[in-house]
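First chain written, first letter: the chains are A, B and C, and each begins at residue 1.
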Amino acid sequence: MALLEIKNLTKSFGGLRAVIEFDLTIDKGEIVGLIGPNGAGKSTVFNLITGVYPPDSGHILFNGESIINRKPYETCLKGIGRAFQVVKPFPDMTVLENTMVGAFSKVEKAGDAQIKAMEILDFVKLAPKRNLLAKNLTIADKKRLELARAMATDPSLLLLDEVMAGLNPKETEDTIALIREIRERGMTLFIIEHVMRVIMTLSDRVAIIHHGSKIAEGAPKEVAQDERVIKAYLGEAYVFARN
Amino acid sequence: MEMLLQAIINGILMGSVYGLTALGLTLIFGVMKVINFAHGSCLMVGMFASYWFVTLTGIDPYLALIVVVPFCFAFGYLIQDTLISPVFKREKGVREPFGVLLLTSGLWLVLDNLALLLFGANFRSIKTPYSSLSYQIGDIIINGPRLYAFIGTIAGAYLFHLFLKKTVMGQAIRATGQDRDVAGLMGVNVYRIYSVAFGIGIAITGFVGGLLTPFYYVHPTVGYVFDIKAFVIVVLGGLGSIPGALLGGIIIGLIESVVAQFLTATWTAAITYAIFLAVLFLKPEGILGLKGEW
Amino acid sequence: MNRFSLTSPRVYVPLGLVVILFVIPLVMRSPIFLHLMILIFFYAYLTLSWNIVGGFAGQVSLGHTAFTGIGAYTSTLLFIQLGLTPWIGMFAGAFLAALMAVIIGYPCFKLRGAYFALSTIGFLEAFRIVVENTNEVFGIPIKGAQGMEVPLRGDSLLYFQFLDKEPYYYIILIMMFIALYVTYRISKSKFGYYLLAIKNDLEAAESLGVNIAHSKLKAAAISGFLTGIGGTFYAQLILFIDPANIIGAYLAFEIVFIAVIGGRGTLLGPILGSFLLVPVSELTRVYLGGTYFGVHLIVFGAMLIVVMLFLPRGINDSVLKIYHWVIEKLERKGSHALEGVASR
C-alpha cells in the first residue's frame, strides 16, 4: 500500500483553478520532488494534503485512510509533518522550546519532550544554539529549525516546501546531506523545490506541475528531457531551437 | 404613525452625527490599521474646546468651528507624532500589534478622567438664540440645531470626500492606506501622512463635537457613549469604509430612535451590542460588506 | 556553598519575602494599610488569572469582569436565597464563570487581534446592561443597577465574613499564591508550551499538532474559573455588589493594564504590576479623589502610556535584572565570608 495516494485532486479559488485533477502516489521510503514554475500550484497541493483547506473534489489517502476533511493539527497527529516555505519559527521561544512544541505532539511530559527535542537538535546540528531565541537566528538556521520542529512530531511523511530558498551553496550542500540522512532514518519525503540541481540529485521521482496540472512524472533524468517540461520552464523558443 | 415618522427623522438626524464620528475612526483604521480607543475622548475634547471657546468669547458655536477644528487637528497630529508613532514603528513587523490599541486605551482613561478632575462632573450645555428653534412639517417637529448638525455632517463628509479624491495630500493618504511600502517608495513620507491622517480624523471628531454642543450635553464621559457607537458602526459598515461609516451611522441612529419607541433606552443599547456581536461573528467585513474604497 | 541550602541567597531571599508577606499583619495593624495590601493581592490575583488567556495565549480579553460578575452574583444569590455559605457558592460561581468563558470564547476566539478584543468588550457591555436592567430572574430579585447587599453575619468563618482585615488578608494572599502556582505549573507543561506557540504563530502551531480551539477554550475555562472565585472574594470583602463595579469596564481595563505594565505573559508580571500600580492609584484616589470617581485611572492610563513607549515588555525584566544583581552580590559576600573563615 502506498503511503500517500492523491487522486484527481481539484481546487479552485474563486475563478482561479489552482489545482486540476492532480494524481500522485508516494511509497514509503521515497523522496519525491514536486517542481513547477511560480504559481503553478505546488504549495496549494501541500495545503490540501495537510488540510489547510478542503479540495473541491478528489481523494487523498494516507496509509489507506482518507484525510480530506481533516484539519492541519489532525494530519500532523496522523504522521504528516511540514516545513513551510516562508519560515514560521516561534520568534519569542528558544530553539529548544520551538522543537519541544513539535515533540509534544507525541509525548505528554515536558521532560520527555525535551529529551526528544535535544535528540533532533543534535541530529540537525542545532544543539549548540538551543537557548537562542528563534527570532535571532540566521535564515539558514531558521530553516533548519523549521525542519527540526517538523521532525520532532515523528512524521512518517515529511513535506518540505522550498527549504533551500535563500541558502548559499555551502548551506545548500549541507541541507542536501541532511535530507539524505533524514531519509535514512526512515522518513518519506515530498519536496517542493525550485533549485533544479537539488531536486534532481535528491529525488527518486519527480512530478512537474504547471498551471495546476501535472504535465510529467518520472525519474529525474527522463523528466528533464521531456519536451513539455522544457517548454514550461524555458519557453517554446528553446524547444524550437533545440530541434 | 406620526410618532414613528418623527422617530425616523430624529434617527436619521442623529445617525448622521454618529456616522461622521465613525468616519474619523474608520479613516484612522483604514490608513494606519490602528484602532483608536480614545476616539470618543477626542470627541469630548472637541466638545469642551467648543464649549469653553464659546463661553469665553460669546462667539456662535458654528463660527467657533473655525478655531475648534484646527485645534483638534493639531491635538490629533501631536498625539500621533509623540505617542503613537514610536509604538507603531516598533511594531512594524508584528502580526497583531496590540501596543497602539493599549496605548490609545490608556489615553482614553487619562483624557476622560483628567477632564473629570479639571471640569467636574457637572453637565453643561451651550445656550444659543436658536437652541429651542424648531421647524415644523405637518406634525413632525425638527429641532433646529439637530438639523444644522445633520446638514453639517453631510457637508463635512462631502468636503472630506473631495479632499481625498482631489487634493495631493488626500491622494497621498489614500496611497499610503493601500500600500504603505510602495507609497514610501514613491516619495511619500509615510509617518508624516500618518500624523496628518490621524490629525484629520481627530479634526473631523472636533467638527462633530462643535456641531453637537448647541444641543447635546457637555460632560467628561460623553465620549464613551459615542465611542462605543462609533465602533459598532465601523464594524457594521466595514473597517476602513467611508460610505460604510455614514450608512452604518444612519442605521444605528434609526435603530436607536425607532426601537426606543418600544423599549427602554438601555435595552436599546443592549440590542445595539447584540447587532455588533452578530456582525463581528457572521460578517466581520461589515453587513454592508463595503471594502475601504480608496 | 550549596545552591539549595538555607544559607544561599537564592533560597533565603525569596523565602524571606514570602515570610515577610505573611508576617506583615502581625506587625502593621493599621486597617488602612492592610486594606491596601488586600487590594494589591486582589488585583494581582485577578491579573494572574487573566494572564493565562491574555498573557500566555496572547488573547487580550478586555471583558474579563464578566467572570467576576458571575462569580459574585452566583455566590451572593445562593447565599441570600438558600443560605449557602459563600465558600461553596464560590465554586458554583466559578464553574458558571468557566462555562461562560467557554461559551463566549467559542465564537470570539475565531476572531483575530483587535476584532477579538472588541468582541470581548461587546459581550461585557451587553452582559452588564442586561444585569443593570433586570430586577428579577425567575422571581429571584437581583436588583439591577441598584446592586445587592451581602447579608451580614458579623464575624463568621463559616460565612466568609470577618470584622477585621486580617483574615481577608491571609485568604487573598493564599489565593494569590495559588494563582501563581497554577500559572507556574501551566508554564512548564505541554499545555503552557502550546499556549505560547499559539501566541507566537497560530499557523505553525497548528501544523505541529496543536488543537488551537481546544487549547484556547481550556485556557479560557481555567482563567474564567479563577476569576470567578475572585468575584466572590470581592463580594465578601465589600459586602455589596453592583453591576457598575463588579461587571465594570474600568476594572476590566485595569486588569489588562496591570498585566501589560507588569509584563504580559511573565509569571511575576501581574504581581509586580499590581505592587506598582495599586498603591500609586490608591494614593491618588485618597489625596485627589474626593468626589471624582475615576481619578486614579489617570495614573493607570498615564503609566500604561509610559510603559508602552519605553518599556513595552513591562517592568518584569528590569525588576528581575535588579533582583539577580542583588542575589549575586549577596552570594559573593557569602563566599568571601567563607573564604575568610577557611583561610584562618
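The rule is short, and it goes like this: a contact is a pair of C-beta atoms (placed from the backbone, for glycine too) under 8 Å apart; a residue touches a chain by one contact, two chains touch by 3 or more.
Just so it is clear, the model here is predicted, and its values are computed rather than measured.
Taking the mean Cα position of each chain as its centre, B sits at the greatest distance from subunit A. A comparison of C-alpha centroids places C closest to the centre of the full protein. Averaging C-alpha coordinates per chain places the centre of subunit A 44 Å away from that of subunit C. Separation between the centroids of subunit B and subunit C, computed from CA atoms only, is 34 Å.
If each chain is reduced to the centroid of its CA atoms, subunit A and subunit B end up 49 Å from each other. Subunit A contributes residues 50, 71-73, 76-77, 81-82, 84, 88-93, 97, 100-102, 104-105, 107-110, 113, 149-150, 152-153 to its touches with subunit C in the complex.
Only residues 188-190, 193-194, 196-197, 199-201, 203-212 of subunit C touch subunit A when the two sit together in their complex. Interface residues of subunit B, counted against subunit C in their complex, comprise 35, 83, 86-87, 90, 95-99, 101-103, 105-114, 116-117, 120-121, 228, 231, 235, 264, 266-267, 269-270, 273-274, 276-277, 280-281, 284.
Across the complex, subunit C meets subunit B through its residues 58, 60, 62, 107, 110-115, 117-119, 122-123, 125-126, 129-130, 132-133, 250, 253, 256-257, 260, 288, 291-295, 297-298, 300-305, 308-309, 312.
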